[in-house]
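Each of the two complexes below includes chain A, the first together with chain B, the second together with chain C.
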Partner chain A sequence: MSVNRWLATGNYFTSYKEEQRIFFTSLDRSAMGLLLLGLFLWPLFIQLDNKYMLVIDNILVAVVAVMGLNLVTGFAGLISIGHAAFVGVGAYTIASFARVMGENHILLTHAWPLMIVVAGCIGAIFGGIVGLPALRLKHLYLAIATLSFQMIFQWTINFMDFFNQGQTISVSRVTWVTGQVSRSQHYTFWYYAILGVIVLAGFAVRNLLRTRYGRCLVAVRDNDRAADAMGMHPGFTKVYAFALAGFLAGVAGALHAYLYRGVGVESFTLHHSISFLAMAIVGGLGTLHGSFLGPLAIKLLDLQVERLSEWVGNHLTIATNLATALKPLSFGLVIVLFLMFEPRGIANWWRIVRSYVKLWPFKY
Partner chain B sequence: MTHLIVSEVTLTFGGLNALTGVNIAIEPGLITSIIGPNGAGKTSLLNCVSGFYHPTLGEIRYGKYNLTHASPHRISTMGIARAFQNLELFRGLSVLDNLLLARHKHLNYSIFHAIIYFGKASRIEAENRAYVEKVIDFMELEPYRKKMVGNLSYGVQKRVEVARALTLAPQLLLLDEPMAGMNIEEKEDIVRFILDLKKEWGMTVVLVEHDLGVVMDISDRIYVLDFGVLIGWGKPEEVATNPKVIDAYIGEE
Partner chain C sequence: MSYFFQLVVSGIVVGSIYALSALGFVLIYKSSRVLNIAHGQIIAAGAFITYALTVMVGIPIYLAFLMSMVITFFLAMSVERIFLRRLIGEPIISVIMVTIGLMSILDGLIYLTPFGTENFSFPAFLPVTPISLFGVSISWTQMVGVIVTFAMIGGFSWFFKKSTLGISMRAVSDDQLASMSIGISVPRVFGLAWAMAGLSAAAAGGIIGNITGINFDTLHAFGIIVFPVVILGGLDSILGAVVAGIIMGLIQQFASGYLDGSWGLNGTGEVMPYIILLVILLFKPHGLFGIHEIERV
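Moving on, here comes the complex of A and B:
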């Protein structure tokens, strides 16, 4: 009998290497290929307003950050309420270079991919340092330790002249093979750049999760005593988890700095940390595609609620004050509802739909 | 073959002596049982050997290694593996991943290999998968390979616990009540596994168990603890006739 790689039935493996694949059927792989193709091609056919392109870019930056947060909070089970500060570390790495070398230095404008990696590495170093309390602390106590980093970060930026006391430090436009990226191309250019980063990071994380470097994260989440008996140092594994999250956060921060062509502390506050956490929860903790779905859902919700409150403000002038409170209200409500009714997030809906389609028309 | 020597070990929690001057010598290739009433210090002794506790006084040696102050992850690399009494599995992972985690130290590729995956990481993962399959085969876990551990029945989880310790490829296996809460059939299975381990894999087994029938049947050596003190040791028939042991288990009239 020959192997049928297209469907789940008749799809069998004869070696352990074959079984390591990410996409079990060719159907899955083709669907993924088509999705990626669509994501890369649609800007050629649909011209979106800069305003909407910025929203999309914003979602993509959040996806990179939440991917990092999902590694430390979802997979390694360590609650981090300082994730925006790590993103800030990445952004301020770019800002520091701009301050020291001048914003038009060739390293910043031409070697920007390198700068993004450097920002990621600085983020990883800070992640590792902030993760050090994980050697001794657990659960909520550790969460408070990460909160303290958020506070220290904001204070440091606000009170140092070098960082312009939290006011915007500008970053110049970058240069691509076609020359300097102009104002009209800016958002489309960064759409492609960030999408590229997401594809790379997504596959890197997926690969990591099927090796010892990913499994050890889940091991310390589920049972760190047993992890110890299996030969891994639970403390260092946690520090490593923070470093990994710090790296992706740093990359997200650098992308943010380039996208907005400037860095200000108001983009990296506690509020943003909690938003990231909400995105991870709504998307689905401990799943990779949750990191994509969460930011998308929360940011789109934000957008719709903003529209609604604007409409209410225009038509019911008496309720204007109430309308402004709609955004934080809906945000909080969504988190509470998800924690109550779907703690496994949107990723679980995806799982249910998938298994339903697979078995259709049978029930089980 | 290496001996495990526990000499004059005392373990104190505050004012309480969990273990007092315990001397044990585990001979290689044998099944040694440690028995005693509840709270006698059996699990404390295993915790000392596997590095979760460090003795207040005394010394534990395994061949050329000194285990007295070694941490659990160091000890796991010295050829000693341990299965826990209360299930301490990674509940959010499949049986396969649980066992592959025990191969952690054998998967020697760098994080960059892991990110690229193709090549070195893939090859080493496949090699270790083959070892894991050997253990799955031995412990008869084939139907549960891809199942999430948290969803399995208690008896199967216990078997996964033993299998995970086996996957570390130890010479000395510490089993902490592997048969607790099992029915007769499941107990018979585990006993068969333990006997096969000794015979086919040449493993040294240390067994902590409450079921005296099983202990008397399969042990080569028995040590009896009571209130942290060693009150008897020797072959099963010697221990069974030891008046101190009878006293501890049945009490005076």
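Moving on, here comes the complex of A and C:
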């Protein structure tokens, strides 16, 4: 029987290996390839203003962070209300290096990929430490542990002279093979750098979920006693989920530090932790697509809210700080509404559309 | 030595307010196993309502205090009715996340009012000169605050020990299925738990507002400090909340009284509770008075 490699009419798996493939048809594979190609090539043809480029880079940094949050909250089922603090750990790793060795030290400007990995590792260490109570406790308590880590982080940064008491610590421009990245190229350069990180991280996460370690996470989330009975160690699995999330958060933090060429505590507050959670929930907990769709949706919502409050501010005189009010309000509403009416997030809409197209003209 | 006793007294004052704030949190957790992350916002709302009623409407402060408790009672009840009732039976993780969303919503709503950014203070209605005893001074507001706090805590304990409603709430917290089978309406009990939590939160808010002035950041911080308190006391013990609240207040006052300034430390009182929280979670996760049925993983 000849197999149509491009279109599948159903599942004809004869082994578990086949079921675990990333791309089921050649169509999937080429669509992915085209998407990546498009993402890498479009800046060559369309010149965007730095302002818009920054927004796009911002979304991409959030994607990296939310991938981490999705690992711990989506796949392992542990609420983390301190994710911004882990991102902050990564950013402040870079800042500490800049503080100790001077911001133009060769490690920071030339060996920046190494620094990003180092920041990730420091984030992973902190993630592991905060996750340690998981050895004994269930998720309710872990949520509180992450919250208290958020508070300790904010205090440490705000009161230590070493961290400039939360004021901005500047980080210099980096050097690439073509020389120092100039001001006009900065955002485009980091677009490519962050996109590269996302592609790496995305494939890593996607593949992790095919291995025993990834399936361990999901098993522990769904029923930790059953997982224990099957020979997994739920406690260690949770600690390691936290460490992985901390790694991705640290990487995101380092990227944030380089992108903004500075680190200040105001980017890593409790409010940001909640907006990361909002992104993960809106995108769809426990899906890889969700990590991309969530940040996109929330950041766009954020922009629209900002615009709206600016517009209202122009027409009404009372509303001086409307943006500070409307942002948390919209985040909260989005979280609550999605949890109440579409707990599986935007990723579920994507799944519905996909299966409709795939099965057309049949209903199911 | 009088410095020490001064710290003890202010620690007890702060601690008893922590206890009152934690009380509402424990009520909700005890009956429905929901961590209410938005508790600080409800406390803040209570303080704002009290202030608005006293200063803007002109009602006498004691009456306003009671009225704000009643208003917050219904506010919290409707929050439960609108957002949490339909989530009964959903996994607990999504219920907790709904309260996180709720926190954000309430934040936004509070920022829409002038209370979100500006500072207010209650008009003085008690004698301004502090009571001084053996070199330790305590202001009248603090004194009344502590008395009201202990009266409220006593009232709640009585409610849970003796009244039918309180006993049915305890039954629900013990075993939902069994209490349903003897005719207790579990959703109603959840609503009532939220309402009582709102009531105690409003009382806490009113007292904090009188002692420290109305500032959203301060009030909000009281909602977050509830976590170390309840973890120390054991998540579902009212006695634990009271004892741990006072211990936490003392620790905070001692930390900021003795540690600040030495070794370049500052604001240690703010961070100490959270460090203690992490340590407790590692070594004695069920707290001082919590029941030991925490599921080990």
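Operating definition for what follows: the second predicted complex is superposed on the first by the 343 of 364 C-alpha atoms of A that agree within 3 Å, B and C clash if a C-alpha of one lies under 4 Å from a C-alpha of the other, contacts with A are read in each partner's own complex, and residues count from 1 in each chain.
One rule holds for everything that comes next: contacts are C-beta pairs under 8 Å (C-beta built on N, C-alpha and C of every residue); 3 or more make two chains touch, one makes a residue touch a chain.
Not measured: the values here are computed from a predicted model.
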Counting residues of chain A touched by each partner, does chain B or chain C come out ahead? C
Name the contact category of A:Ala134: first (chain B only), second (chain C only), both, or neither. second
Pick one for A:Gly235: touches chain B only (first), chain C only (second), both, or neither. second
For A:Ala204, using the defined touch cut-off, is the partner it touches chain B, chain C, both, or neither? Pick first, second, both or neither. first
Look at A:Ile274 in the shared chain and tell me whether it touches chain B only, chain C only, both, or neither; answer first, second, both or neither. second
For A:Leu147, is the partner it touches chain B (first), chain C (second), both, or none of the two (neither)? second
One more residue to check, A:Gly332. First (chain B), second (chain C), both or neither? second
Between chain B (first) and chain C (second), which does A:Val55 come into contact with in this model arrangement: first, second, both, or neither? neither
Now for A:Val117: first (chain B), second (chain C), both, or neither, which partner does it touch? neither
In chain A, both chain B and chain C touch residues 228
Chain A residues within the chain B interface of the complex: 15-17, 19-20, 204, 207-208, 210-216, 218-219, 221-223, 225-233, 286
Give every residue of chain A touching chain C within the complex, in rising order. 77, 79, 81, 130, 132-141, 143-145, 147-149, 151-152, 155-156, 158-159, 161, 224, 228, 234-235, 238, 274, 277-278, 281, 321-322, 324-336, 339-340, 343
Along chain B, where are the residues that touch chain A in the complex? 50, 52, 71-73, 76-77, 81-82, 84, 88-93, 97, 100-105, 107, 109, 111, 114-117, 121-123, 125-126, 129-130, 133, 164, 168
Give the list of chain C residues in touch with chain A in this complex. 33, 35, 37, 83, 86-87, 90, 92-94, 96-98, 100-109, 111-112, 116-117, 224, 227-228, 231, 235, 264-267, 270-271, 274-275, 277-278, 281-282, 285, 294-297
